[in-house]
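Sending over a structure as structure tokens; questions will come in a sec.
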Amino acid sequence: MSRIPVGLVGVTGYTGMELARLLAFHPRLDLVRATSRTDKGKPLQEIYPFVRSTKLDGLVLTEPDPQDLARACELVFLAVPHGAAMDTAAELLAQGLKVVDLSADFRLRDPGVYAQWYGLEHRHPGLIGDAVYGLPERYAPDIAKARLIANPGCYPTSVILGLWPALEAGIVEPAGIVCDSKSGTSGAGRKAGVATLFCEIHDTFRAYGLGTHRHTPEIEQELGFLAGQDMTVSFNPHILPIDRGIHSTIYTRLKGAITQEGAAKLYAEHYAGHPWVRVLPPGKLPETRHVRGTMYCDIGVVVDPRTGRLIVCSVIDNLCRGASGQALACANLMLGLDVDEGLRLAPLMP
Amino acid sequence: MSRIPVGLVGVTGYTGMELARLLAFHPRLDLVRATSRTDKGKPLQEIYPFVRSTKLDGLVLTEPDPQDLARACELVFLAVPHGAAMDTAAELLAQGLKVVDLSADFRLRDPGVYAQWYGLEHRHPGLIGDAVYGLPERYAPDIAKARLIANPGCYPTSVILGLWPALEAGIVEPAGIVCDSKSGTSGAGRKAGVATLFCEIHDTFRAYGLGTHRHTPEIEQELGFLAGQDMTVSFNPHILPIDRGIHSTIYTRLKGAITQEGAAKLYAEHYAGHPWVRVLPPGKLPETRHVRGTMYCDIGVVVDPRTGRLIVCSVIDNLCRGASGQALACANLMLGLDVDEGLRLAPLMP
Amino acid sequence: MSRIPVGLVGVTGYTGMELARLLAFHPRLDLVRATSRTDKGKPLQEIYPFVRSTKLDGLVLTEPDPQDLARACELVFLAVPHGAAMDTAAELLAQGLKVVDLSADFRLRDPGVYAQWYGLEHRHPGLIGDAVYGLPERYAPDIAKARLIANPGCYPTSVILGLWPALEAGIVEPAGIVCDSKSGTSGAGRKAGVATLFCEIHDTFRAYGLGTHRHTPEIEQELGFLAGQDMTVSFNPHILPIDRGIHSTIYTRLKGAITQEGAAKLYAEHYAGHPWVRVLPPGKLPETRHVRGTMYCDIGVVVDPRTGRLIVCSVIDNLCRGASGQALACANLMLGLDVDEGLRLAPLMP
Amino acid sequence: MSRIPVGLVGVTGYTGMELARLLAFHPRLDLVRATSRTDKGKPLQEIYPFVRSTKLDGLVLTEPDPQDLARACELVFLAVPHGAAMDTAAELLAQGLKVVDLSADFRLRDPGVYAQWYGLEHRHPGLIGDAVYGLPERYAPDIAKARLIANPGCYPTSVILGLWPALEAGIVEPAGIVCDSKSGTSGAGRKAGVATLFCEIHDTFRAYGLGTHRHTPEIEQELGFLAGQDMTVSFNPHILPIDRGIHSTIYTRLKGAITQEGAAKLYAEHYAGHPWVRVLPPGKLPETRHVRGTMYCDIGVVVDPRTGRLIVCSVIDNLCRGASGQALACANLMLGLDVDEGLRLAPLMP
């Protein structure tokens, strides 16, 4: 089978690292360019000793150069911060490259909402319409035809997949939903800083950004599409002393009576054709480790008749399903491959 | 100053271990009896090497014997499972001992509610009226006069302290409250079992007992007293890969407009005379490690005008404030000592 | 390509769990039997929710029955405790099955040494001669022809690979070697017990079995073959608060002068044809996470001229390379497949 | 009782944080100055929320000013990096202050050795003779009279206490000793950096600085005093995914026959008058958590007749006994207080 050359702009963060992991043994995609302004000229394996003896062994980091990337690659992953990504995406698209942008720059349909939550004017609003939100279960056909993917945020992936069946079936009130989400620390990125030092995270737990996290408008936008109405959601993140994993506990109010079994059946049927979303049997709850390193989203639903609530626990790996694995699934689709090429991975347990 | 002899029934669990820690250097209380059916005859320091070279060094475990305890002690801590504790408490009270029961057996005023949630008929309902709920900020005068303390549960302590000011001031709706609580693994006890092995808890996260945890009626009872009406609360626990600490994120709906500053001020004034409850300045959120090993309850309040919610983060150490330290504070009061005798401890950081 | 049916006796421990992980997406081997006396009749995915939506989804646990296994499988992995494994192995071999035994029962050539260190008489000494020690780098041709594999222990794998080049080249004294090894807690197995509870392992560190661990004679036997003389090694294990990974720091005395570069070159050349053993450049030291979930053994060598020592750091994943992955590599060879079939896995980072 | 005012230069690192913890409830010492160039003007509780409601609640950080410190304090703790500490110490001593220097600047008797290992010329060699090495068990009388304390390094504290009885009694060879030490991550300091981010330390393990760590000459100097001869030691540090704690496994060769019981007895008698050093009974090994937050040094000794070795496991809390607690013990002695004033703390378990 022929191999397809791809590039990665911004390899030194955790999403770049995760793409390196997933591409190290990908059967069809070859990572031929990996860029880093600070580490250009160094072998990738000096930065990431874990890729030694894989097919990434010999790769040397380069400076990001759109023309060079266009000559060498068919598709480029952008793993750079929001704000910077939009310009690079525009440059790469202008060179005819397909682009999967892991940042938030093209996720919000409304550039005004972007400006409000990210504190930045969007410099390429004309490209927003070209971008497809890269959630394969929902937008696979559009993804396959896209030249620009806005790869979903980690928290939104867990929340959207967790609420989709209930909102679409109309069994819960769209108003008053609370998402209490907990994320592994890799979600905070690989930047030097005191707040995410080992001794500041280990053996402790805290909330942050209650009600103000930037993933809120992304969640509200996509849930709004599902519910067919504007949504306001209370989204509240916390940081976990684990490497990977997001656990969203989502509190909704039931519109009418439904049994635990009925709710689980509704969810299971909704995701019947989507093997990456695993709805647990009634009474079972998911764990972040059960999806570690994979594209799975495990969902447990609880009906609490005392309080009239449907509580949904939705669990993903923030780096794989919530970032780089999802980006790779989109790339697979854009390049005519099976969506799960290179992603048939079992969770690392324990 | 004279020393007061006390006993501990059930030393081998984590709450017993925590009492041993707190009594190892207590300036006024001497632990003269520590019982364990399985380990009787062994020196305590064989079970707990960390007490070597403290004043507990020479203590030898005995079988629990009410008459022996009555001869040797003025007060006894019960750190045995619910169901078993009520009988032992009755025996010890009959011997004239003061008793601090760390189990749930005397926490619920209504034995019918106890039977419903714990699946057991209460065998000593006549003693329930004698029991004082051992939350010092709320019941100190009654605690000082009590012969039997129902020591609060760990989750309820964090939730009650977190909601007290808001409910008493009437700024939030009593209906529709959601508590998303996360606990360190020591809360699961020190029993052999696969589910709490290191490799089953480390680097993972999960919910359990959503809507069905036994601390629910205790929370509802005490919040009902505060609100002056029956309360139904959605209480939902999760297990954290940390040793100690509870973080309760409590979602309420505001009745009217209030600023973040106003809410923080209301809380700070409410707890002005209670140095163990530390209300953080507006914009600050608590962390479990900031209370590690202490009686502190750190509270951060967030007003989210977008969703009309007051969100309260309430953090305690589940073993110290949530169990053994609170028991010791009650014992101090019952024995005429300062409530914080032996509890003037700084959090272990990091 | 045709698929080959295999079985697994003893699925509920961590080595069984790891085999399930590795077989969930194996391209050529199909796990058609998984046995457990305690959980027979249950779907595997009830025990291990992480295998849902993989090809192990429908597997139901059975009682171990040699005739049933022989009818259904070509090869069986034994993941049961030492002592029990030897009888089951004998029964399965008698049925004509190929067997990979993950226990210690067939690792020691001398049944007297086995009796001395394991406190058991060997009941099938006649089979010891048939068993091949399953270290692929060393014994691949014999493994391919074997009907019984004695899968190496986790610690020995790290120590043998770490010392092989130095001992074979004769640059270090065979006497006086000290191995200070540290293992993740999964090495202690998945048995209910207080000593390996989360709260007994997390945020702490300790040694155990200094000088007396049962892997000592296995290490000495294989190093003796390499050195061409009897070896006595001081082997000293410690337990790490991590899930997976062994780090052996091995202290030897140099016979003569050699540079750091020279030692690294010697090691790199020795393992040139063995891509799973990755010798780091001079000055680099390995980390357990760089091999997480894989067959890699990362080795860093340090020459300390002040003390005349060669210090070797040898790192593996105790569950994959140190147990189930190595067993699978042996099975691949025994069944005529590439040694790395189903094992082309990148380390999970972070 | 009168209170004694003390100062702390450099409060924002982990050793400064630990001094804040220990002084928050110290019965005799009052922290009246805490300095930080970067955070001057901020309340200490903004940096360290854990000190709220303690007697440090109102303290505001100042810039380090020797004259101000001299007016306000009797003694100053220096918790600044080596290289910088020597100048500050000289300035403070010139103002008549007593100084406890937590850095390495005055630990080595020979400024040439300092220059060689630290890559710096010593700028105040004339003060080295005034400095007393602050290990209370060994130098208490000198400490009490000193005006300048060179507070011991964390690793050296564990190794020196671990080897003292054996070397002094002459039961082991002084040559060929190997120290394999493992430290919690707080030992790496509280500086922003990628290498000590949570996701770079958690669930992994590695060695560093094998044979080249700067604590080596300090260990050799003090062991040389004990052995009465020059010592060369192979000292090899590793980093543990825990907050606090050092575990040194020390490998020595026995000169003659001694039983496990004999070795334990020798150690126990040696430390009979020193309650902070706890020699475990034969067959018991120490754990870092058993000394968490305290001054204890727990020691287990193993005689391995197969290899002719005495193996010593010596465990301390690197921040308390290995840094700030030991500094406080020295300060207590220098100020005429009991050595354990403010240090009668039980280990935090679990």
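Should a chain be cited, it is by its letter among A, B, C and D, assigned in written order, with residues numbered from 1 in that chain.
Methods note: a residue touches a chain if its C-beta (ideal position, glycine included) is under 8 Å from a C-beta of that chain, and two chains touch if they have at least 3 such contacts.
Chain identities (UniProt): A, B, C, D = N-acetyl-gamma-glutamyl-phosphate reductase.
All values reported here derive from a predicted model rather than from experimental measurement.
**Student:** For chain A and chain B, which third chains touch each of them?
**Tutor:** C, D
**Student:** If you take the mean of the Cα atoms for each chain, which one ends up farthest from chain D?
**Tutor:** The chain farthest from chain D, judged by C-alpha centres, is A.
**Student:** Between B-C and C-D, flag the pair that has more C-beta pairs in contact.
**Tutor:** C-D
**Student:** Indicate the whole-number Å distance between the mean C-alpha point of chain A and the mean C-alpha point of chain C.
**Tutor:** 35
**Student:** Using mean CA coordinates as chain centres, what's the chain B-chain C distance in Å?
**Tutor:** The separation of the two C-alpha centroids amounts to 45 Å.
**Student:** Any idea how many Å lie between the Cα centroids of chain C and chain D?
**Tutor:** 39
**Student:** Can you list the chain B residues in contact with two or more other chains?
**Tutor:** Each of 14, 186, 199-200, 202-203, 241-243, 286-287, 289, 292, 350 in chain B touches at least two other chains.
**Student:** Of all residues in chain C, which touch chain A in the complex?
**Tutor:** For this pair, the touching residues of chain C are 14, 17-18, 20-22, 24-25, 48-54, 186, 202-203, 243-244, 275-276, 278, 280, 284, 286-287, 289-293, 296, 298, 344-350.
**Student:** Which stretch or stretches of chain D touch chain C in the complex?
**Tutor:** Going through chain D, the ones touching chain C are 176, 178, 180, 182, 199-200, 202-208, 210-211, 232-234, 236, 238, 240-243, 245, 247, 249, 251, 253, 285-289, 292, 300, 302, 304, 306-307, 309, 311, 313, 350.
**Student:** Residue numbers of chain C touching chain B in their complex, please.
**Tutor:** Chain C residues touching chain B: 14, 185-186, 190-194, 196-203, 241-243.
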